[in-house]
Amino acid sequence: MSKPFKRILLTGAAGGLGKILRDRIKPWADVVRLSDISDMGEAREGEEIVRCDLSDKAAVLNLLEGVEAVLHFGGISTENTFENIMFANIQGTYNVYEAAHKHGVRRIVFASSNHAIGFHKTTEHLDAESPTRPDSMYGLSKVFGEQLARYYWDRAGIETVCLRIGSSFPEPKNPRMMVTWFSYEDLVESLRCSLMAPRVGHTVLYGMSDNDGVWWDNRKAGHIGFHPKDSSRQFRHMFPDTGAYPAPDDAATLYQGGGFINDGPMYK
Amino acid sequence: MSKPFKRILLTGAAGGLGKILRDRIKPWADVVRLSDISDMGEAREGEEIVRCDLSDKAAVLNLLEGVEAVLHFGGISTENTFENIMFANIQGTYNVYEAAHKHGVRRIVFASSNHAIGFHKTTEHLDAESPTRPDSMYGLSKVFGEQLARYYWDRAGIETVCLRIGSSFPEPKNPRMMVTWFSYEDLVESLRCSLMAPRVGHTVLYGMSDNDGVWWDNRKAGHIGFHPKDSSRQFRHMFPDTGAYPAPDDAATLYQGGGFINDGPMYK
Amino acid sequence: MSKPFKRILLTGAAGGLGKILRDRIKPWADVVRLSDISDMGEAREGEEIVRCDLSDKAAVLNLLEGVEAVLHFGGISTENTFENIMFANIQGTYNVYEAAHKHGVRRIVFASSNHAIGFHKTTEHLDAESPTRPDSMYGLSKVFGEQLARYYWDRAGIETVCLRIGSSFPEPKNPRMMVTWFSYEDLVESLRCSLMAPRVGHTVLYGMSDNDGVWWDNRKAGHIGFHPKDSSRQFRHMFPDTGAYPAPDDAATLYQGGGFINDGPMYK
Amino acid sequence: MSKPFKRILLTGAAGGLGKILRDRIKPWADVVRLSDISDMGEAREGEEIVRCDLSDKAAVLNLLEGVEAVLHFGGISTENTFENIMFANIQGTYNVYEAAHKHGVRRIVFASSNHAIGFHKTTEHLDAESPTRPDSMYGLSKVFGEQLARYYWDRAGIETVCLRIGSSFPEPKNPRMMVTWFSYEDLVESLRCSLMAPRVGHTVLYGMSDNDGVWWDNRKAGHIGFHPKDSSRQFRHMFPDTGAYPAPDDAATLYQGGGFINDGPMYK
Amino acid sequence: MSKPFKRILLTGAAGGLGKILRDRIKPWADVVRLSDISDMGEAREGEEIVRCDLSDKAAVLNLLEGVEAVLHFGGISTENTFENIMFANIQGTYNVYEAAHKHGVRRIVFASSNHAIGFHKTTEHLDAESPTRPDSMYGLSKVFGEQLARYYWDRAGIETVCLRIGSSFPEPKNPRMMVTWFSYEDLVESLRCSLMAPRVGHTVLYGMSDNDGVWWDNRKAGHIGFHPKDSSRQFRHMFPDTGAYPAPDDAATLYQGGGFINDGPMYK
Amino acid sequence: MSKPFKRILLTGAAGGLGKILRDRIKPWADVVRLSDISDMGEAREGEEIVRCDLSDKAAVLNLLEGVEAVLHFGGISTENTFENIMFANIQGTYNVYEAAHKHGVRRIVFASSNHAIGFHKTTEHLDAESPTRPDSMYGLSKVFGEQLARYYWDRAGIETVCLRIGSSFPEPKNPRMMVTWFSYEDLVESLRCSLMAPRVGHTVLYGMSDNDGVWWDNRKAGHIGFHPKDSSRQFRHMFPDTGAYPAPDDAATLYQGGGFINDGPMYK
């Protein structure tokens, strides 16, 4: 049976999640083009390797040639200086969308982040229409990317699913991740749904597994048809009950963004 | 054990869904009165057959005599000329409610349709309070029926469940029906709940099974107690993933009403 | 200076408000075509008289030929039997829209009514998105007309302002009309705004003057640019304060539709 | 393994639910202090017994000494005269919060009740932000307690989960309780979640099992992480379908509070 | 011309606002009954003086005999101990409503307070449906009174306007009162509207003049027909512009309740 | 009398609005520091001139030294290439906020733009919480600035009023500007209110005069206390009524952003 796409592009292929996705997305396209600023090793069967700095407009224009859909995971994925974030994430994402527009690419999945809304409290509940509250320069660049995607949808008809990824690791590392955990299997399934749904327009989807105690509601992305199969419940024994309440001003438990709020060079 | 009702009426008993329901609703009443403009064959045990044109006010007044509750499935169920729709669906439904009022009938289940809201986009999510957006003369007649029911509730105390039926067929016929599919079993269960709930007032219930990717949210009809048992997931293999996106202006995938929007004699 | 339109149509020109409008709308078009089922007298300068039953589809098709915009005030304007309402208001309004579609008319002002929402309580506050609650067969036909207009906007691009007229008389006749009063000057100004605004899509506008104690909020129709100049305050002396509270179940003060709820042949 | 708390307090320990909880909450604290105005028998291992009238401010101040968290189930739990309710529930709850403030207690679970919202109709659907509608003096005292808790959170930083308990009995006693049933196991689990969640601020949680036909939506309390395991579905055979609709003005089926509305000495 | 009422009752007639109202409400009733726990001097023409402790149930029952409507301004009007507040405001208001119910009184205007919502921030905007956030024991007693009124409306059909009075003084005393100022003339007019409107059900009305920079929106009380005539703008010269921003944690400018939050004996 | 501030900073002082403001803001501070990338002429009394490229982080750090509040009007104010916008508006605004944080500046007024929400339709009505819909690279940079301001409020306590300026010119130049016009007097008053209000947190204020037909609602910024004095009504004669409706796909009348949507180098 033929694959859904002839060629899709994965940016950030050498990053933490890029490595996880590299093999798992192969069933979706005859050719998977992989891109990163870092070394990605040899191209394997069904792969194309294109090393590329996303802040290089001309290079990105070439990168998107012949591509039908993009999984945009490239850029910096933790807190950093504003300048580094600006070139890698703001200018880089602009370059990707402008190239997509030039080449007629119809759909992009944008790896956004919970840090776009990280300054909401952990007693608040959000959906796709809740206001953004970035908790860091990194989170701010993700808000920018979502709004850029909105512009390219309204202006140029490029569809985007903004996937606000929680914590995608083999297992939760702390109590907060019991809430935000996003298993690799569920991440892959969310990407599949985002690429294959007939219409997505500009959709915001929270990337989380079927965990208990969650803050986010995905009903407004229901048309994507994504339903997680995993849950952090299996790891509950790792974090036993405790009556030791956090300090009233402990930012890492007050806000959804967790410890991220205190990262980065600015406030040190 | 005695049955819940002495006599209920099913209009449209010779139609597509009427035939499905004819046997399945027997456990709910000592006598099921069946009505249609077309031939319904012989009356079987526990049945009464009354052939009737719903646009005939006097005939409909007779039809509802001695009835405790009505399943109103009669009328035209696809796009047609305005005039045909007006007599069968608008005048016909008025005649049913006025007769119900005259005879003191307390509750009606009205077979409404997703075409009452078909001009909402397939990236929108609706509940019972979303504005109607009819996609056809047929859909417009269903909006009329729902509002007529609202009037008879406010004015005369007749309770109605407006069941906005998705696609009730043995199995989905196209990708859209993966979203809108309503199994016969779930249809019957939704009718049972609608008839038996102690209080329904004027309730709007979307008629769909437990499918993935749905656009409709039934929480505001939660008091009905309807929970679907079936799902279109079992048919997923029939519609494999595709990266062939529909044309940007393809109405059948842009709007929830699907191809219906282009049916009927008016726009040809 | 040339007038904005070459030809506009006023239906219902022999009715209560039609007579008021006949002269006042002349500044807007070189030719005002007047239509009614009743006699309208002689055509004056700048007028065309076309006697027409709106339930006659062919006649209505002729009526709209050469027309740029329609003020649709025709039909029955008080409670009546369902059948009379159906032919005059439901079929009649359908005929107007279908003819508008055939002739490429771009905009219609539809004389809707507060009776489309008359079953809301007098302690409730509504705007353009509040659910309709018809209080009569008449009100139900206005809901139908508004939804028909919605359909012709979504499907055929015809713009409509649905003007939910309160009580348009020389002065308020009872305490309720202190709330719902709509001076003739304000009525005319609302029509001018509705015709001249560059974009109206499908807009619902409540027709009331700048009265005290109102139930309706026109902000969602703000783009029309209508601002009433009159107010029922000038008539306040006609209805002195009273501590004689109405009976708890007095429908005429409980519901926004007032005494209308008890009119008509059905409940007598 | 050590228990989460050193000492927690259960008020109302001799009451209906207090007796159920007495043993079940032992795993959460080295010492469970039990309090009631009535006799509680002998203290068992891991228990402290303190007989106390909650309307006695000084006694309550002593009662909370050395306590880390409170399960406040004390007071009158059915309709009664206003005066009795005022002393036991209004003054009593004030005394508990003021003592908690004096002793630096960080968290309280307040046994509120569905009767705080009992005058909503059974066709309405509520969440944590729906307006309260007390159906009795008892319900009014629960609204007071929730607002008192709100004040102590805003003013003094004491966290509270207001648990609006439905009907916590071994099994449903009537059709209404099919909707409101709250199994003992689910009650205990909801308390565990309420005590152990890292942040709760001022949270309203409806206390019900995973029943069909429910009126209440707990998503805004999602951060508590409570998921019921039981359901009233197992008792469905006890209440067979019926077409015998209740009288239009039957308060016990019209309102969520059920028969409670007619209890108490005032309206007899 | 006869006056609207035969007899109305003003409680708290010896208090700050009671004295202001005493003469101004005379045009509304043949007899104004005045009540207070303190001395009110001699009865003048058209007055009845009844000295009464509102916490005395039997006395209050007598107090309301023969009364058509109540302006309930009695009780404690500043922060105080919980116990004092409980007897004067909570028990006192209960006694008033229960007596009103016994005597068939149809309407009450309840002098509520902005301190019922005082813990909302000064950058928030509220209307009648915003959640209450009491800022003091006093504010909590006003929330109780509003909910008691809600109960007596739902249960017994007594209508109430809850007037959340801002700052009713001859002129603003500080910058906060520029926002919350409620002139005596506007206070009286709001009472007149509240008494004379044909239907009020349970209405919440914010008591403020037409000031700049307000936090409260009275549209949901529009049916009362109250429109302030005064404005604090006339006092603007008293509070010149300043760039001296308050400390970030200054409660009196952070919260709508102002300095009240720090009053009372509890936190000293 | 002393002025409210010792020193405030105006960036973009050589721009269109900067020149207008230069003299008008003098009453608010002993010293007005003026900054621009272009020549600003000689410093006059009470002025300091600092020529500065906002994309130069070190220079901006110096620029804000000794400043109490900032009116940030600097950067590019029309559509341009993404790269130019990125350095001037995105990096430039970051530099301003980071310098404000370093120097302890408490408040900034950010000159945002209606182009942050320009892709909403002209039949939609927005308030401060409506989602942004940038219509250009320029508009996107304003969304970025608003979100950056949000971050610096949540993280660092810097207050911002985001002033979404409509069309600030001596008079409207086209029919759209009848809606969006913002007189210079009203602009200045809005800045005064934004600087002097005791608390603003993160406030979005639409910059428009008291025009007819507006799309924007400033109630959620009511605490600023801004009330426009001017109106475009005085210019109504310049744009006479017309029945010549724009083409259905004419972007300049379909969207609030007007012709801006088609500006810039990208789509040519």
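A, B, C, D, E and F label the chains in the order they appear, each numbered from 1.
One rule holds in what follows: contacts are C-beta pairs under 8 Å (C-beta built on N, C-alpha and C of every residue); 3 or more make two chains touch, one makes a residue touch a chain.
Each chain and its UniProt protein: A, B, C, D, E, F = NAD-dependent epimerase/dehydratase family protein.
On a predicted model such as this, the values are computed, not experimentally measured, just so you know.
Enquirer: In the chain contact graph, what is the shortest path length, in steps, from subunit B to subunit E?
Expert: Contact-graph shortest path, subunit B to subunit E, evaluates to 2.
Enquirer: Look at interface E-F and say which pair in A-F, A-D or B-C is its repeat, using the rule that over half of the contact pairs are identical by residue number.
Expert: Going through A-F, A-D or B-C one by one, only A-D repeats the E-F interface.
Enquirer: State the superposition rotation angle between the two copies subunit C and subunit D, fitting on C-alpha atoms only and giving a multiple of 5 degrees from 0 to 180.
Expert: 180
Enquirer: If you average the Cα atoms of subunit B and of subunit D to get two centres, how far apart are those centres in Å?
Expert: Between these chains, centre-to-centre, one finds 41 Å.
Enquirer: Averaging over Cα atoms per chain, report the distance between subunit B and subunit F in Å.
Expert: Computed from C-alpha means, the inter-chain centre distance equals 53 Å.
Enquirer: Listing for subunit B: what residues touch at least two other chains?
Expert: none
Enquirer: What pairs of chains are touching here?
Expert: Chain-chain contacts present: A-B, A-D, A-F, B-C, B-D, C-E, C-F, D-E, E-F.
Enquirer: Mind pulling up the subunit E residues that touch subunit C in the complex?
Expert: Subunit E residues touching subunit C: 1, 4-5, 28-29, 68-69, 106-107, 157, 159, 192, 195-201, 203, 219-220, 222-225, 227.
Enquirer: Mind pulling up the subunit D residues that touch subunit E in the complex?
Expert: 82-83, 86, 90-91, 94, 98, 119, 129, 131-136, 139-140, 143-144, 147-148, 150-151, 154-155, 261, 266-267
Enquirer: What part of subunit B is in contact with subunit A in the complex they form?
Expert: The contact residues of subunit B facing subunit A are 121-123, 125, 175, 179, 212-215, 217, 240-246, 248, 253-254.
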